[in-house]
Each structure stands twice: as structure tokens, then as C-alpha cells.
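These notes concern the structure reproduced below.
The chains carry the letters A, B, C and D, assigned in the order they are written, with residues numbered from 1 in each.
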Amino acid sequence: MTDSFEPTIIGFTCNWCSYRAADLAGTARIKYPPNVRLIRLMCSGRLDPTFVFKALANGADGVIITGCHPGECHYIEQNYKALRRFHLMKRTLQGLGLEPGRVKLIWASAAEGAKFASEITAFVEEIRALGPLHWGKNGSAPSPTVEAVQEKVEVPA
Amino acid sequence: MTENNQEKIGVYVCHCGTNIAGVVNVQEVAEWAASKLKHRGVVIAREYKFMCSSLGQELIEKDIKELGLNRVVVAACSPHLHEKTFRTACANAGLNPFLCEMVSIREQVSWVHTDKVAATAKAKAMIAGGVERVRYNSPLEPLMVPINPATLVVGGGIAGIQSALEIADAGHHVYMVEREPSIGGHMAQFDKTFPTLDCAACILTPKMVSVGSHPNITLLTWSEVEKVEGYVGNFTVTVRKKARKINEELCTGCGICQEKCPKKVIDNVYEAGLGYRKAIYTPFPQAVPNRPVMDVENCTYYEKGTCKACEKFCPTNAIDFDQQDEILNFEVGNIVLATGYDLFDARRVTNYGYGRLPNVFTSLEVERLTNAAGPTTGNIVLRDGKTVPKAVGIIHCVGSRDRNFNNYCSVICCMQSLKFAHLVHERTGATVYNFYIDMRTAFKDYDEFYQRVLEEGTLFVRGKVAEVSDVPRTEREKGKLIIQVEDTLVGKQRRIPVDMVILSTGLEPRKDAKEVAKLFGISCSVNGWFIEKHPKLDPIATMTEGIYIAGCAQGPKDIPNSVAQGAAASARVLGKIEQKQIALEPIRASVIEEKCSGCRICNGLCPFNAITFHEDRMVTEINPALCQGCGTCVAACPAGAITGTGFSNDQIMAQIEGLLMLNVDQELAVA
Amino acid sequence: MTDYLLYPGCSMETSARAYYDSLKAIAGPIGLNLKEIDDWNCCGATEYLGISLTPAYALIARNLALASNAANGTRTLVAPCSACYLNLAKADYYMNERPKLGQMVNEALEAGGLSYTPGSLDIRHLLDVLVYDIGLSAIEKKVVQPLTNLRVAPYLGCMVPRPDYQHRWSDHEQPIELDLLLKALGAQVIEFPLKTECCGGHMTQIGPATAFEMIRRLISGADEHEADVMVTVCPMCQLNLDGYQGEANRFFGTNYHMPILFFTQLMGLAFGIDPKELGFGLELVSAKNVLDTLGIKAPPETPPAPPRRPRKPEGLPMPKPLKRPKVEELEKEVTQ
Amino acid sequence: MTDQMIAPPIPIQAQGEDLTLLEEVASRTAGVSRLEMCIQCGTCGGSCPSADAMDHTPRMLFAMLRAGMRQEALKSNTPWICVSCYHCVVRCPQEVHIADVMYTLKSMAIRAKLYRDSTAPDFSQTFVGMVEEYGRSFELGLASQHYLKHFPLRLPNMMPMGMGMLSKKRMSLTPKRIKHINQLKTILKRAKELEAEQ
């Protein structure tokens, strides 16, 4: 069963660019692996790090966050705030013993359907290489509860 | 919400013909949702061929009424396409539209995956996510805001002119902002227009005059938009009106200043570098407004401190050397962007020798050469200003359809080249060659024009020209420009000596298109053109409500299409104005005062200044009219005191749980 | 001192000895420290690639492997020969673009105990290193005998500016690097439109008539521009234009006498180095006129030739030439 | 109703049409050939300095590959006349790796023994033979061997040039051999094996 590990990935997309890039990938019929499930946010700035912990704790093997290119945010500059948070969040996750490669931030504009698809494809392969994360599944390693994680997190503004 | 456990959720899975059903087993998905999500509140799950059809919508409406559904999940296409459709259906049946949630199983599943089993499983997970999320949706009321009936039109080319006139004629105010000293755009530079060969000035000038004299149009030339704030219906625009150094009230447009100005400058804009203007100038006699501008960079007074010839001779004392840029602010409800194109820089194609070989010309240069008001009064001559060419080669696709430069077709070049072939033939009697890859003469009366040019004896060579050389190999080639090309219909390389080469240069997005897009909150395609809302069904609107695009700013197009798009944009604007008010998505953040600790972390986060802090109560407040709903403050609040409607923490956490439900609970995964 | 690995290529030791000699002579003055890689082999020129893919790339890659072993702190591998430069750059580029090729080539190299990671070397032509690393102003400073009055036709041939995998050159058709270098030496550089046309390559061996025609075009083009000398950066070009010039003259009944020199030879002259050290005399079409013009033996009193195609003030204005940022920077360096 | 009655008409098959050809050429080319992207614009044929001597312009050759005309394409002298000047490569609007495709066609023609005239293949093979033997090219040996075989009548004309080169020591009389010629031979042997497995 484990010979071909199929990771589950949660993706957080911005309503204005990357969600539309996903739409465009669809319209253009560009194929990518089915391992990713997207959640639409209005902006990458909406991403509360708790969402990421929740996803990992509930069984996701990786999380990908996508936003508008720097300088192209629909809300002027909120993606920079997402970027700031992302780095701190990554450090926290590392502190919890998580491989840094399990969460990733990419930029994709509404015109970049092909880029979106290739980024997803690449990320699936990266997570496949890392193997399953046993946080949320009935695996061996005990998973920290969301509440426990939340306590450790300082949310940067 | 969910505490009372009285959710009655309907799940609707769309086949979209075979678009979804061809990959996702929709029947299995619907049956699964009905049985396995029953304990989550799903009372009915259906699949249907086209949910967006009226019959599909009726299904939902009927269930709401008959089964008392209080939540709806539609698994179909992207919410950007049909969210509105299904929300309206819910509203029709008396359900608050925001209790309807869409799951995109077409764009995100069936169109991008091939493995049917995996795609079906993913569709189930996504529906579970939607169901979990919709449980936490709350009924919302759209924010109604009034629409300011004034409109901003950016760019005074033919598309912008058309748009402005239509709106102004309907009785609404238009601000037209143009960067150059006069409106008219590229069309004002042309001599004849294809395929009818009517004179560009003859058909354009009356429209320009109408704009200049229209009581409903405020014309701001030599001006640029610097800032745009607000949202559809309520934009605040800041415009920099550059100093003309002319008092426009006093100036009568008599032209004496231009006559007396001693400084001659090569005119790189209107004359395409082929002619001269003065340091104080109106670009062309029919300019609107008929008021000159001073080119401070080339003016002798600004260079040397003396001259002021213009001031000495001005009969109305209109010259004002101290005039400064003016900053104007005004409010509009809608914006039309018709900013046009730039010409491809032909010097980049080194092998065609433009800039090195004098008798290689660009299409815009030839427009000026053929124009009776141009530098040669309409005589087609070589760079020496007098020799009439005996043989002329016209090269298509320069900088277009070429991955080394621009990969797209510039649309107008084939017809433009045919027009030049006709004009050169008619005016000089020269032998004319056209070098093309493919002849593209689609649209009304275009191919007929091709036939006419064929009849006139123009020689057509099918082949992309490899190089233009001035190095002769034979006697015949001495003193000529040699066009080296494979005649692909003969299968042989040919070297054709000519006197003049015309490069049918392609169209490019404006150099600052990206910055302009950013300024107005829209985006550019990979090639740099403004992106329309939908390439087929909504080529006028953009992703940002209240901002429309027209003309070449959206992509290369000819005059008839630019005019059509300009008119279409004004129809859209007038439609919005007629609505008088507009419903805004109620996606807003708000502060629960009891939870706010007054830490002020959120205070610096809002780029729209929607967050204010009340020192007296030590709490933060968010102004719903200014809030744009990005949610950055929601994510930042350490106390969880800020909620974001439509994208609340509860909704997203539930959606995450739903999406991963199948991973956790193996029971659920069984079909 | 900057350290560069040198891949000379077969010709530098035989037909293009003048190139190697003059390179060695100018390297010291401009502070170019070249280290020849040990036991290099032929790059296969344009021939091996047309026989068999993997062996051809393995042949080239052996040199890359030897070079990266000898790297010792530098990444730059310099090739003075255009064909060698292109082959080395090509192998490095394609081994990366098509990983399967890279894998097969490395498997072959392994049989000889070697390996090469594509991208680990920076493969550059000598002219590139001189212009962009040493710098035009540094070269200009070393000039003691400016090449005033010498009308030179800069000639690069094909394989230096094309296909240009790493985007190093200012243009693929009319690059300006050699022109500027020669200007820095004080020469009168003519605008030579044929500067990147083909010299005929291997056609001298397999279709002489075609090759002679290509040689004729170039020589007559330079002659038309009243060049005293054509300056080249490639052993193959020099061999074809110099060695076969007499043969082409006989074939067409023409009587051209166009000396073909390596740019390093002119650099040497400008630096005041004895012509003998620079391989003068090895050319088949004598370049004595070049030395004469420079007054190295007897200064003639020729006034500078008028510029070709004088631009008339009347008529329609011309567009300004396109200034690519790279060119602008370079032009700043030359004071002339 | 019988099966015959509803049988579809038999498609007319062009003789010798070989639709695998394009694919094969692409797969044997170093890098990504982009051959399938050709729009038949003729930039290559127009740019080619030796096009006059070619049986087909490069563009025509690519059309032939697309049409599956294996015999004709591999018999064409075009790839052998290519001087690798890369004018077509940098100008091609579709970024086809034209020069590399020419190398591929040469090697395929040699394999299939389908070249029309052996001058060029012989030159390549003589050159490569020397390189494989010595690790270096040996111009004198190559030129004399080649001219003797293909242009015996030309040889006297070439003498002044050859003598000039010799007297100026621009041509060596003896070949030079690299030190580790055995290492090179081993590498090439393995490379040939790998190529054969393709």
C-alpha cells in the first residue's frame, strides 16, 4: 500500500490571482496531480497560521499557500504581510519538528495557469519524497492538538 | 448556526454535459453525499446534467420550498462563473443567497485530472469541505452603495473618444484624461484607413471636435492619472495636469508662438521621428484642444535662461513660464481604460537593419510619409527626402509571431501592409513586394481589399524575410537594399533588390501598462495586455468592478473593433449608472468590542484606512464602507476579536475538517 | 591576478599558432592568467556531432570533466577558438536541458573514471573575457602604439555570437564587442555589415565552390569598405579566409589581397610588442601593409580615409541606433 | 444488415508515409528540438548562406519529416551542406534547434547509409577517425587523405596553400597524441554502446 504514497495537500489560494490561475489551468486543461484540495480566501493576508496547523493536524501531508506576486496584491500590500507571517510560521513549525518543505508559499497571477499547475505538480512530488506526515492519521507519532500548537504560536501582525 | 443541529443541506452535483461527468462519477458522488454526509445535515443530494440551466435552478428552488432546505452546496464550475446564478436561485426561493456555497469540481477536478477514481475521490472531499463550511455560513445582506454617475475615460484615442461621446450624449458627465497635448491617438497620425481608404483625419476630426466642445465632457490633456481610490460607484481619482506653460483661458490658439519659436525639435511622437516641431507646439493643426504646450526639456529659455520669443510675440499674454503642475481630485462611479498601444521597436530586429540602413522604414513612418500633412506632404520618398523608389518591399510580422520578440499576432499588420502596397503603387508606380507568412484578412470587406491589391499587380512572396542587406553580391544589387528570403512556394532562396523597405511593425502593450494596471487594480496577461473578465463572454469588463477596458489596451485590434469596444464599454457604464445603486459583497471585517484588548496590532495593517482606534474606550473599530474584506486584520488579531463575514475562522476551520474528513474517517471513504 | 582555465583546441598549436603566440604575448601585460587544462582532447569540431550523438558529447564532456577537476577555485573555462567555445558551451547546456543526454554522457565518462555536472563551469570565449572581465579601459591603458590610420574590418564569424546559450553578447547579428575593443586600440573600425556572416566552415573540404563563394563575399565586402585588414577571433575563419584566399582568387579570377589577422595580434602591436612574438609572418596573405601603415617600419603619409556613406544634413531624420544597456556600459569605457 | 454494408471506407494511405519520423528525429536530437513547432515560414531557408547548394531548404526538409518521407529526407544533401552558422537558429520565430536537427539527420543518414554523395560523410568520418585514434585532429593527414579521395584533380591547385601552411609550420607533419588516449577510447567505446542501445 505504501509503495506509492499519495499525499494529501491543502492549498490556500487568493480569490483574485491564484484561485483564478487555478480556474485558468482548468479552462486550458493543463493537468496536475489530484492530491491538492483548495480553499479560497479573499487574500493571502487572510491566512491565519492556525489554518495551517489545523490542516496538518487533521491529516494533510503538506500545505501550499498561493498569493499575488509582490507588488500586485489586490489589496495593495497584504501579500507582504502574508510573506512575513509565513516565515515566522515556518520557524514555529520547525520548532515542532516538522520538515520545512511541508509548507510552501508561491506567487501566481491570474494569468499564470500553467505556472500554477507546474508549481502544484512540483510540490506534490516534494511532499511525496518527504513521505507521509503522521500528525493527524492514526499513525505512530502523537500529533499536537491544534490548541497546543496555537499556544506556541505568536501571530505576527 | 450549528448548535441547534437543524441544518438541512441540499447538495447538487452538476454533470456540465460531459465536462464533469466525463471524469468524475457524478452519480456515485451524489449517492455518497446523500448517505455518508447525512449525519452532517445533508438531507438531499442530486446530480443533474446542467445545474445552471433553468431546470437545474428550479430543482434547487423546489427543494428549498418543499424540503425546507436552509443551506445549499452546488458542486459545479468555478464560483467566479456561476456563484451569482445559484445565489439568485436560492434568493428566489426565499433563502438568503449567502447560505449557498459552490464547490469547483470542473476547473479544479475534471478539467485538470485524468484519473477517474482519484478525481471522484477528490470531488467527494471537496463536497465534504463545502458542506462543513456551509454549516457555518450566516445570512448576509449586501451593502447597497449609490453610484456616482460621472465617468473617467483614460486615453483619448479613437476607442476612448467613442466611449466618452456615447456616455456624454446620454447626459452623464465624463472626465477624459489624455497624456499627450491633444486627443486623437494613433489614428490621428494615419493617412488612409483600410479597407475603404477613407481619410483618417476626415472621419476622426469631427469626433475630436465633439469631445472638445461637449458640455458633458471635461477634457484634461497633457495630464495623467496618479491615484485611484475607492470602489465601483465611488472612485476618487487624482490627476496631475502637467504645466503647459500656457494660460489656457487667455490662449486663442493662434499659433504665433510656434511660428516664432527658434528651436526645432525632432518630433518622435506625432511625426514618428520623421519630422520636426518647435519647442512650443501643438502636435498637429487639428489638435484638440487647440492649445500649445511647451517642451521644457528642449526650450532655449530653460536651457540658457534667455529667449522667451514666444512670450514677446504672444498677442494675448498667454505664455506663463511660472506655471506649475496642477493636482486635481474628482469623483467618478466608473472608469474606462482606453490607453492604446506602443509600436514595436523595429531596431530590435537587427537583421532588418532599421536604424542602420537609412531606407528601411517602420509602418508609422510610412503613415507619416503618405500623409498629405506629413513631413513630405504625402510624397513617398527615400530618406534623402527626394528620391522616389522604383521598387519597394513590405515585410509583414515584424516583431510579431516571433518568440524572439512577441509571440502573438498583431492583427492589423496584414491589412496595413496591403494598404501600403496600394498607396505606394498608386503614388509612385513602383514595383511592390509583400513578404508574408500567412495572409490574415478576416473581417468584412478585408479579403476583397486583398483581391484588389492582387489585381493591381503587387507581388506576393510567401516567406518570412531573413535579412535586409546593403552588401551587394552582383551588379544588379549595387546601390540597393537586398531582401533575402526563402520563397517558400518555390522552395528557393531569393535575393530581391529594392530601394525601400517598409517594416510592418507589430503592436505592443504600453511600456507602462503594468504600472497602469496596478494603479487601477486590474492585471495584465503574460503578453502585457490588460486582462478582460472573460475572453469570450465579457471582453469589456475586468476583474475589478467598475473598471472597463476598450481598444488596443486589451489586445491588438483595428479601428472598427476599437470603436465597437469603446461603444460597448460605454453601454456597460450606462447600464451601471442606470442601476443608481449597487450591491457590494458583504464580505467585511468587524470588531467584537468585548473581545478587543486594545493591543492595536491590527491598526497598522489596513491599507484602506478602515481601522480606527478609539482612545477613550481603548478599542478598535472598522469602518464597513472602507473595509475591502481582505481579512488580514482578522488573521492578525491575537484575541480573535475581529470576525470576517463570508470567510470566518469557523467557516475555514470547518472546511479544512471537511476536506480532510475522508483521510481521518476511513468509513466515509467507502462509496 | 585572475585565474582562468584555458582550453586551446587543436588549431592553436598548428594552423592558428599566430593566435596562441599573440595570446601568450598579451596575457602578461593585461594580467590574464591562463592555466591550460592538462591532456585535453579535440572537441570534435562540427564533424563528430553529425555522426553519433552520445560519443560526440562524451568527447566534448571529457574536456569539461578534466577542467572541472582542475578548477581549483575558478569556474571559468576560456576557449579562444569559436568552434571549441560553442561545442563546450553546447555540451554543458544540453546536458542540462535534456537530463537523459547528461545521464548517458556521464555514464560514458564513468568508464574512464570521470564525471561532469552540467552548469558547474562557466564557458566563455576569449573575447568575452577580455571585454567584460579585463575591461576595455584596462586594455586601452596598455596601448603605447595606437593603431591610428589602420582601417580594420571586425569579423567574428558565426559561432561566437550564436547561438549564445548564456546571453553573453550584445547582439546575435551585429555585436559590438570586437568593434569597441579595436577602437580601444585606436584603430579606425569600419562598420562591417558582414561581421557575423559565415566563412564557409567545413565547406572548403566538402564543397569547395560553395566555400569559395562565401569567402569571396566576405573579402570583397571588406575590400569594398576599404579595409586594410580583417580581424578575426576564430582559427577556422582565419584559415579559410587567409589560407584559401589565393585559391578563391584563382577560382573567380579576382585579385584580392586582404590580410586576415587575429585580434590578439593587433592588441600585441598596440601594446608595443615585437611583431615576431605575435606570429606575424605566419599568414599566407602578407600583413606587411598593416605594419607599414602603423609605421612600425616606414610610416606612410596617408590622410585618414573619409568615412563611408557621409550622412547628408538634408532629407528625413534617421532613428537613433538602439542602445542596449550592455552596449551603453561598454561604450562608456572607451574614451575615444 | 451485414457488416460489409456498414464498413467505413478505407482511408487512402500515402505510399511510404512514416508518421514516426518526426518523433524519431526529435528524440535523437540533443536538447529539445521543438521541430513540431515549425510554421514553415522559411526564415531558415532565407537565412542560409549555403542554401543555393542544397537539395532542399531546411524548411522543406522539415515539411518532409512531417510528411514522413524518410527515404527522401535522409537522402537530401541539405544537412551536409549546413555550415553550422546558426543564423537560422537565432532568427527562427519558433525557436527550433535547426542546427542540431541537421546533426541528427546526418547521423541518421549514416546509420541508414542513405546519403546521396559520400564526400561530406567521408570527411566527417575521416576527421572523427583521426580524433578517435589520436585524441587530436590532424589537419595535414585529414586534408590530404580527403582530397586524394574526393578531389584528386584539385589537389595540384591546393598545393600552394598546403606548401605555404607547411613551410610556415602551420601544419604538422606528424600527428600529436594525447597522454591518456586509452581513457578517451574507453569513454568513446562506452558512449557508442549506449548510443547503440537507443
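As a convention for this text, a residue touches a chain if its C-beta (ideal position, glycine included) is under 8 Å from a C-beta of that chain, and two chains touch if they have at least 3 such contacts.
Values in this document were obtained by computation on a predicted structure and should not be read as measured data.
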Per-chain C-alpha mean nearest global C-alpha mean belongs to chain B
Where the centres are mean C-alpha positions, what is the separation of subunit B from subunit D, in Å?
48
When the C-alpha atoms of subunit C and subunit D are each averaged to a single point, how far apart are the two points in Å?
25
Roughly how far is subunit A from subunit C, centre to centre by C-alpha average, rounded to an integer in Å?
51
Residues of subunit B whose C-beta touches two or more other chains:
351, 467
Where in subunit C do residues touch two or more other chains at once?
172-173
How are the chains arranged in terms of who touches whom: line, ring, star, complete or other?
other
Can you check the complex and tell me which residues of subunit B touch subunit D?
351, 397, 401-404, 437, 462-467, 484-488, 491-493
Subunit D-facing residues of subunit C, complex:
10-11, 13-17, 39-42, 44-59, 62, 90, 93-94, 97-98, 101, 104-105, 107-114, 158-159, 162-164, 172-173, 196-198, 200-203, 205-210, 214, 243-244, 246-247, 250, 281-282, 284
The subunit D residues in contact with subunit C across the complex are 28-32, 49-50, 52-53, 79-81, 83-87, 89-90, 99-100, 102-104, 106-107, 110, 119-120, 123-125, 127-128, 131, 135-137, 139, 143, 146, 150-151, 154, 157-158, 160-161, 164-165, 168-172, 176, 178-180, 183-184, 186-192, 194-195, 198
Help me check something: in the complex, which residues belonging to subunit A touch subunit B?
6, 8, 10, 16-17, 19-20, 22-23, 25-27, 29-34, 37-43, 45-51, 54-55, 58-60, 71-72, 74-78, 81-82, 85, 109-112, 117, 136-137, 155-157
Subunit B residues touching subunit C in their complex are 266, 273-276, 345, 347-348, 350-351, 354-356, 358, 375-376, 381-386, 467, 469-471, 473
